[in-house]
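In what follows, chain A forms one complex with chain B and a second complex with chain C.
Right after this comes the complex of A and B.
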């Protein structure tokens, strides 16, 4: 059983200017400056998520939509436990697989074969677990003998195929994705989509941030609509999109 | 590295009128260890800044990145130690039981560098003028520490080295490599420093590690 529970979670990013990032200036301002002037130097915060309450449980396929800057990626990163909430609490159970950048952890000077291990270990799998999957990974990536050449010599498409194959080779419990994984050449997309569908259906929970109505409707039965860090609506995908689209039309 | 050690060895050996048989091994060991120490500290200070891409993409234990720096530099250190072995074969005649002090010495040495990196890495993620500050401070420390010169040359002013933590850290490993036991003062100094350092650095690290994605 997997679940993620968010209770009253708020995320405030501190906004540091150049002078707050300088030890010297901070020291002068807070140390000497405080003695000499009454001026308050308060750090500014940007409120990215506001009082979010959310429960994701087994079988949930959640889409996250909203305009740019609405907090979609921040919410994903809170779910992935990267940003610890500045207020509120978050409870996880189950292994989280965040797939935002599928190249993460790869070393392009190493061969494709070595990179399967690098990427796999980065996602938290042991060497022997990777070995059991290695043949299917190589087969799906279509790299054949290129697998023993350095990744530097690959085309962008080949790199993508390799990292996609590794990233989707292991069943995830809690799968967090943004739509960047769906980019790629058309030929590969069809093949990738089938694999992605089975990859997603094997996961217990999916959260997918996207701009595309088509993608969200394809994968998610429920959707969260975020606007300026607040949840505007959380419900069945069709209903949320109905409201979201009429909201977008009134904005125009 | 070998070229550096050889040219410096002959040059400073003449300048300081040292006996090359003793001076070149002393210099080689000192420079190799200093190189390790200063590389780990400078790289360690900017470790989280360098790994921003990782820290914002995946929730890994932050120590992973620090151990990565340590591991890479330990491998480099072992490669450089080959030079020292060759130098020792050429210039030194015997090996004594004192070389065994290398094992506890290395242990205490690494613990001390570890807590220094813990503090500096967190501070540098918050204050971006730290890494350049650290690298500019390390150079004067290098000249102040007995690496290219010998502590004995200070004569009655040896106190200048006795209060220098970097002298003690280097000497923990250098002395046993050159067949001497480190001074008792060195042991006391570095072990106390490691305890106090860990006591200070672990709470600082624990309290601030969750802020890293926000700071970067």
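Right after this comes the complex of A and C.
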């Protein structure tokens, strides 16, 4: 059983000016500040998520939609355990596999074959686990003999294929994705869809942040609509999109 | 897995984390070492030529130009360069990890923001790469010594014991600086000055015994002093290591390492906010 439970989770990013990270400025501010005024050391906070309560359990396929800056990525990162909530509680059970940065851990000077191991290890797998999967990874990537050439000789599409096939080679219990992984040519997207569908069917929970109605409707039966860090609506995908689209129309 | 769990600061966690991530550390170290020379024609052979050339330069400059003598009454033309080189090798272990650490987290922002990554392994990777180069330098030193003296001191086998405190100490410093460097960007400027000062305040270009009496105690407060002198004892002069001194050095290093680790684990929560 996998689940993620969020209780009253808020995320506040402190906004540091670049100058505040200089020691000189800190000393001057502290020194002069104490002499000249009693102004409190004000740090600006950007409120990325507000009081989110959410329960994801087995079988949930959740889409996350919202305009830019609505908190989609932040919510994904909280679910992935990368960001700690400023307030509130989060409880996980199950192995989490976040796929956000398609090129993470890849070294473009090394060959494709070496990069399969590098990226696999960044995802937390052991060498022998990667070896058992290596043939299927190479086969899916369609790279053939290119796999033994350095990655910087690849086209962008080839890089994407390589990292996509590594990322989806291992079964995950909780799968978190943003849509950047679904960029590629039409041929690849079709292939990737089939792969993703089988990949997703093996995982217990999926959360996918996207701007594309098509993609979300394709993979997710429930959807969260975020607006300025608040959940506007959480329900069946069709209903949420209905409200979301009419909201977008009133904004025009 | 539970997100509200704090990062462990237990001293055993240092070892557990190392064992858990050993495959990752090995791969990243390899990438770091090979990556440095990739694209160059001689490739990894540069790691051998660099110390070789430096040792040759030291020999010419200090022994021929300056006519420097290490011990009184020594006539050897090469002795000064060999003694000096040991000091440089020891100094570079600490200095390189100090200079590498301030930007360690900033160079790897995606490890902080894009995945759940065991950030505490990064200083191990830096240390792995340093130790590789240190090993090559020691081989070069050894070859030079054999060519000049036609013999090897058997006490060379104790060198790893002398280096362990140095490595643990450097790791602790590395954890400390890596975390500080995220919050205070000035640290990078400070470490390069500090390591240069350290180069001249350690008995690298001169024996500690040449200092006037009151300064002798002060120079032993420098953690490098003991390691440099011990390394010379076992490599050069064929003396046994100072066992009680080693135990003290080991204890001090373990405490430093642990403090650095605690500091890192306590402060890493804020990294994602700042980078």
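General remarks:
Everything below uses one rule, namely that the second predicted complex is superposed on the first by the 248 of 252 C-alpha atoms of A that agree within 3 Å, B and C clash if a C-alpha of one lies under 4 Å from a C-alpha of the other, contacts with A are read in each partner's own complex, and residues count from 1 in each chain.
Rule of thumb we're sticking to: a contact is a pair of C-beta atoms (placed from the backbone, for glycine too) under 8 Å apart; a residue touches a chain by one contact, two chains touch by 3 or more.
Keep in mind it's a predicted model, so treat the numbers as computed, not measured.
Because the two structures share chain A, they can be overlaid on it, and in that overlay chain B clashes with chain C.
When the two structures are aligned on the shared chain, A:127 is found in touch with chain C, with no touch to chain B. By the touch criterion defined above, A:249 lies against neither chain B nor chain C after alignment on the C-alpha atoms of chain A. Looking at the shared chain after the overlay, A:83 reaches both chain B and chain C.
Between chain B and chain C, more residues of chain A are touched by C. In the superposition on chain A, A:92 makes contact with chain C only, while chain B stays out of contact range.
In the superposed model, A:118 makes contact with chain C only, not with chain B. 13-14, 16, 21-24, 77, 80-84, 96, 98, 100-101, 104, 122 are the residues of chain A that lie in the contact sets of both chain B and chain C, per the superposition on chain A.
Across the interface of their complex, chain A is touched by residues 1-4, 23-24, 27, 31, 35, 38-39, 110-117, 183-186, 269, 272-274 of chain C. Here chain A touches chain C in the complex through residues 13-14, 16, 21-24, 77, 80-85, 89-96, 98, 100-101, 104, 107, 109-110, 117-118, 121-124, 126-127, going by the rule given at the top. Contact residues on chain B toward chain A in their complex (touch as defined above): 53-59, 123, 126-130, 133, 210, 213-215.
Interface residues of chain A facing chain B in the complex, by the touch rule stated above, are 13-14, 16, 21-24, 26, 77, 80-84, 96, 98, 100-101, 104-105, 122.
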